[in-house]
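A, B, C, D, E and F are the chain letters, set down in written order, and residue numbers restart from 1 in every chain.
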Amino acid sequence: MRIHICNPNTTASMTTKIAAAARAIASTGVEIIATQPEMGPASIEGYYDEAFAVPGLLQNIRAAEAEGALAHIIACFDDTGLDAARCLATSPVLGIGEAGFHAASFIAGKFSVVTTLGRSIPIIEHNLGRYGLASRCAKVRAAEVPVLALEQKNSGACLRISDEIELAKSEDRAEAIVLGCAGMADLAAELAQKHGLPVIDGVAAAVAFAESLVRLGLHTAKLGGYASPRAKPYTGLFAGFAP
Amino acid sequence: MRIHICNPNTTASMTTKIAAAARAIASTGVEIIATQPEMGPASIEGYYDEAFAVPGLLQNIRAAEAEGALAHIIACFDDTGLDAARCLATSPVLGIGEAGFHAASFIAGKFSVVTTLGRSIPIIEHNLGRYGLASRCAKVRAAEVPVLALEQKNSGACLRISDEIELAKSEDRAEAIVLGCAGMADLAAELAQKHGLPVIDGVAAAVAFAESLVRLGLHTAKLGGYASPRAKPYTGLFAGFAP
Amino acid sequence: MRIHICNPNTTASMTTKIAAAARAIASTGVEIIATQPEMGPASIEGYYDEAFAVPGLLQNIRAAEAEGALAHIIACFDDTGLDAARCLATSPVLGIGEAGFHAASFIAGKFSVVTTLGRSIPIIEHNLGRYGLASRCAKVRAAEVPVLALEQKNSGACLRISDEIELAKSEDRAEAIVLGCAGMADLAAELAQKHGLPVIDGVAAAVAFAESLVRLGLHTAKLGGYASPRAKPYTGLFAGFAP
Amino acid sequence: MRIHICNPNTTASMTTKIAAAARAIASTGVEIIATQPEMGPASIEGYYDEAFAVPGLLQNIRAAEAEGALAHIIACFDDTGLDAARCLATSPVLGIGEAGFHAASFIAGKFSVVTTLGRSIPIIEHNLGRYGLASRCAKVRAAEVPVLALEQKNSGACLRISDEIELAKSEDRAEAIVLGCAGMADLAAELAQKHGLPVIDGVAAAVAFAESLVRLGLHTAKLGGYASPRAKPYTGLFAGFAP
Amino acid sequence: MRIHICNPNTTASMTTKIAAAARAIASTGVEIIATQPEMGPASIEGYYDEAFAVPGLLQNIRAAEAEGALAHIIACFDDTGLDAARCLATSPVLGIGEAGFHAASFIAGKFSVVTTLGRSIPIIEHNLGRYGLASRCAKVRAAEVPVLALEQKNSGACLRISDEIELAKSEDRAEAIVLGCAGMADLAAELAQKHGLPVIDGVAAAVAFAESLVRLGLHTAKLGGYASPRAKPYTGLFAGFAP
Amino acid sequence: MRIHICNPNTTASMTTKIAAAARAIASTGVEIIATQPEMGPASIEGYYDEAFAVPGLLQNIRAAEAEGALAHIIACFDDTGLDAARCLATSPVLGIGEAGFHAASFIAGKFSVVTTLGRSIPIIEHNLGRYGLASRCAKVRAAEVPVLALEQKNSGACLRISDEIELAKSEDRAEAIVLGCAGMADLAAELAQKHGLPVIDGVAAAVAFAESLVRLGLHTAKLGGYASPRAKPYTGLFAGFAP
């Protein structure tokens, strides 16, 4: 079973970390193909970066679909381009934010999210609202750590995240934590140990659930909003992306 | 990996069917332990039956936990006793209704549920509300087929369910269907083929997701509502169930 | 008019206190029958205890129904077994949590709840969500007092509850308080006096509203989720509970 | 115990009918004072009529409060002026719409409302939203019968209401009906009999609950939105209404 | 284009300030007619005052409609009498609270409101709920400043408001502020400058949007709740207000 | 005052129609700059097309901002790229869907939307949810007319739209209609006349509201989700779009 995981930013060290996290959880016999777009932003911090991450992500989804990927994972916690990817693919497509929220819902009544920057909070709240899981999330918190600081040793990022987890326990009555950035994938186990509650990394959750959907024989529904794109001319830089 | 699936009613033929559905999806190396309570109702059709299904279910959960089950599945679409089971177990516990709703949420914008009797609609709507997924469900429909009719050949049950699926497509704009009874586990593939949209069996979904949670190393959160029961006297018939 | 109030735990001192609170509010000519189950937990603190309180509660409901009770009250603030009891009874059945919320809604815009343990908060929040009254509740607070500590003199329980009421006024803008445990029935008047806002005891509210429903000639609706249980075999310990 | 019920329109025959319905349910020893405003509209059909019903209603509330009324009932299903009346009174104030919704919530999972004219549907939906009970109401239906047609024999009004009840059962899965006009108070018993489900008259419900609140010793909360009006000049026609 | 703005209280200095704020934003060629009722309260602080502000307001709306006003603005942040005015007028009618909320929604994800007294918070929350915009409002805050204190120099009111804005930024993550009283119209620019975020005055917003609706050729919808009042007798003081 | 309106698809005839509709409503002295992207899809029908419309749209927003545009309008009813555009611009940015919903909210209790294809319904429902206005929308309907059919004479499109408006009146109790495509801008007046209720074109509404926001001196809030993009490398095709 081939599963495609796309880091929608162009930072290779982050793709490497994500691929490692994905392979660590993947079942025997599951091949993880990790990609990043050829074009777009070095990190995704807000709606503007998202807009330029999506075309390259879709290019990678299309290529991976052609090469037999049975599921796709979007490895940005904002679930950048998830709906567009579902229109393009017949295989299931999961976002790591979405996967993290669902995992938390299976094991806890309420969870809090700890993400990077405050500007990402509204995006995550929008997603929670759309997925229907807003009532399960006690609070979306920001550690005020830029995404790429997570790639640097000694940035103090982990400590800031840890502080927010402590607040989530005491102030939000959170029963579990969802880490709000793909770049935090390597911190989950240590933070769970330290704080004594489940700490969920969306990358691992997405891989496990993607395998599940493949085994269940489920495909993306094509009757409504995820119908395949209608044939039509695309112009200029995007001529090659026409459905 | 040992996974315990409990049919919370006492009808053995249904346990057999559920066990078969579970084993069909389980990964190599996963052992499925299928149980049913020693006491309680022959089928669960409404809140009253639920009340008498739960003690036996919990007995089985406790026994399976002791025997090393790494996850538990409650194989009634009402997710009977799910919260109590989560208090008792440290392993993850999933309901098949819950699992079906989450699976549908990963592949479709909106889904409809087709269950057995109209009296079960409020229970399912309550669960959707609690899980937070009510906004993802277009409608809960009843085929008005008793649970045990699903165990009889030629009961016409499948045709009634098929009719409701057709209405869900045309009237609800449902993009996927979740079958609303463990006894429908064997119908999903045929109905998906017939109606041209994803049809989800909660038993299979629960097995796949349960494996996922085990591999992710997640346990039931113990900080809030699912805290382990406090030690205290239990009296009479239930003396042996004291925490 | 005979009204049955069932304390669903097995602690006799609590039944006595509840009966006294009920008789204190009951109209002349109303006979209060106070019961407790023969089997089950000594107190209800979380979902697990609930599961073992319900069968005995239903036994008592059935017996009281047969003896002409015109209404039933479930005297646990979690409204344990309320839906199952409504399936069984044709008389109205009220939970004391539910009654307290409705009473508060008639006299205040927003109320806060002060319950015993934090583990009960999710249960109460679930109930508020189901009843539709979540938007009327500013916050569910826990005094972190075990249920049976309310039965002991000098446990400091009342002071802890009083502290939470003060926070509810200042932080939640609560206009009224609903006491979140049957064992607090004797504290309402004193706390209302001390804090200068309405403090509602669910036991008294439930008795008054139960009388009201009887006088209005209303019965539990039998068309949907509260339909009478269907006849079917019950097995083992529960054989005698078959509908 | 003196309870004041105010029909906020100026049609005396309707006040008479309301008084009769109130006295029919009132406990022995409860004195029902039925009033109507000296000024305002002959019936309340929409927001404009409401605006001119409220000053006279408040005048009557103030007078009744001075004469020792221990509770007040606003006998228009739109609950006209309810919030203003609660500011004025220290006794509890109930609307008959509100009382009907709460009564239905105690005995049924979902109810539908059958009111007079379509123009009243948004008002009732607003009220349900504010009270928090919108999720309990399957649908607000209009029989398209003017309020004063209910005062005429042979107007066909009852038949139109009956038709809507039938639709509420089949299309809304309503388990109970709340009659949406004070002028329907005399129809509840007959319609319940005919349709085989609880049919609730808000006038009777309000009287029973008002007595309950009085016996519970509850007053309108004065800490938030229902604080007593601040002293200030009132001008012109309304000089005499200054707080 | 003639636009009518009605200050629904009887304080002339406030009408003058509102008129000035309205004229400052009005387009060339727009005539602002500013009125206040002949009868009613000197300020609107809670539901009771509202009830006595509405009849005079409606009188002014009717007169202005007859004199060719193409839109009406209700210049009290509680949007006093908005629904009744919409029944009466065929021209659009806007409340300044409503206009402020919509303006904030166009430029910010979340806003907070800073109003005068705590007793007005529930009214504003009710309005937000009805308009559908509750999810856009982070918090409704009160500076605990009486309305007429805003008319006095050196009352310290502006400082109290400023303090709440600072809290809205730090505690609510508010991205914009809506000032919650017509009497604050002259403070918006200074506070926006001081706090570095958009601060919205509902009077100005309402004038701009009222002009917009006129230019768009839109009238108040007459098919549902805003249908023109039905002809019927009005009695006593209000005989002259009969539709 | 210069206002920029961007048709985010590449069909010039549609840009021409949109520009005409915008200029027809613009105030004297307002200059409308109408643009379309150099790259992207010929029409936007679903999430996939959206993804490729946004980069070109943002390019145009940036250029127009540099040329002194005081507001921007996104002339696709899906409000494609609205959040990203708000990050980029300091001037206000409005979507025509958003503008249409707000206009309808000022004049009607409930509105229905009539859009082109069923696949756009989920997008519009998502937007309504995020804006907070879902409760004001009775139903989102699709006429099942492709976007570019609106550019052809005799396509029967107007008749299909008209049929849906009739259903919205009778089945949804809609009091106003919002037309769900920029390509319907020329139909609003005729349909309003024919059906006797307000019919709103989002293009006109957006122009009027954009002028309003400029006159009010309001800018896009920069404290939360709409903060200006952080400086960082952009790669490949998108190198020139780096913030």
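Note that in this section a residue touches a chain if its C-beta (ideal position, glycine included) is under 8 Å from a C-beta of that chain, and two chains touch if they have at least 3 such contacts.
Owing to the predicted nature of the structure, the values given are computational and were not obtained by experimental measurement.
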Problem - subunit E and subunit C - chains in contact with each - result: A, D
Exercise for the section: Have a look at C-E, A-C or A-B and name the one that copies the E-F interface, over half of its contact pairs being the same. Expected result: A-B
Practice task
Could you grab the centroid distance between subunit B and subunit E? Build each centroid from C-alpha atoms only and quote it in angstrom.
Solution key: 52
Practice task
Go ahead and note the Å separation of the Cα centroids belonging to subunit D and subunit E.
Solution key: 29
Completion exercise
Within subunit A, the set of residues that touch 2 or more other chains is 109-110, 118, 121-122, 129, 135, 173, 224-226
Exercise for the section: Assign the assembly's chain-to-chain touch graph to one of these shapes: line, ring, star, complete, other. Expected result: other
Completion exercise
Per the touch criterion, the pairs are A-B, A-C, A-E, A-F, B-C, B-D, B-F, C-D, C-E, D-E, D-F, E-F
Practice task
Name, in rising order, each residue of subunit F that touches subunit D in their complex.
Solution key: 109-110, 135, 173
Practice task
Please name which positions on subunit C make contact with subunit A in the complex.
Solution key: 118, 121-122, 129
Practice task
Using the touch definition up top, name the residues of subunit C that touch subunit B in the complex.
Solution key: 10, 37-43, 45-52, 54-56, 58, 81, 83-84, 86-88, 118-123, 126, 129-130, 146, 224-227, 229-230, 232-239, 241-243
Exercise for the section: Show which residues of subunit F lie in contact with subunit E when the two form their complex. Expected result: 25, 27, 92, 94, 98, 102-103, 105-110, 131-136, 169, 173-176, 189, 196-198, 200, 204-205, 208-209, 211-213, 215-226
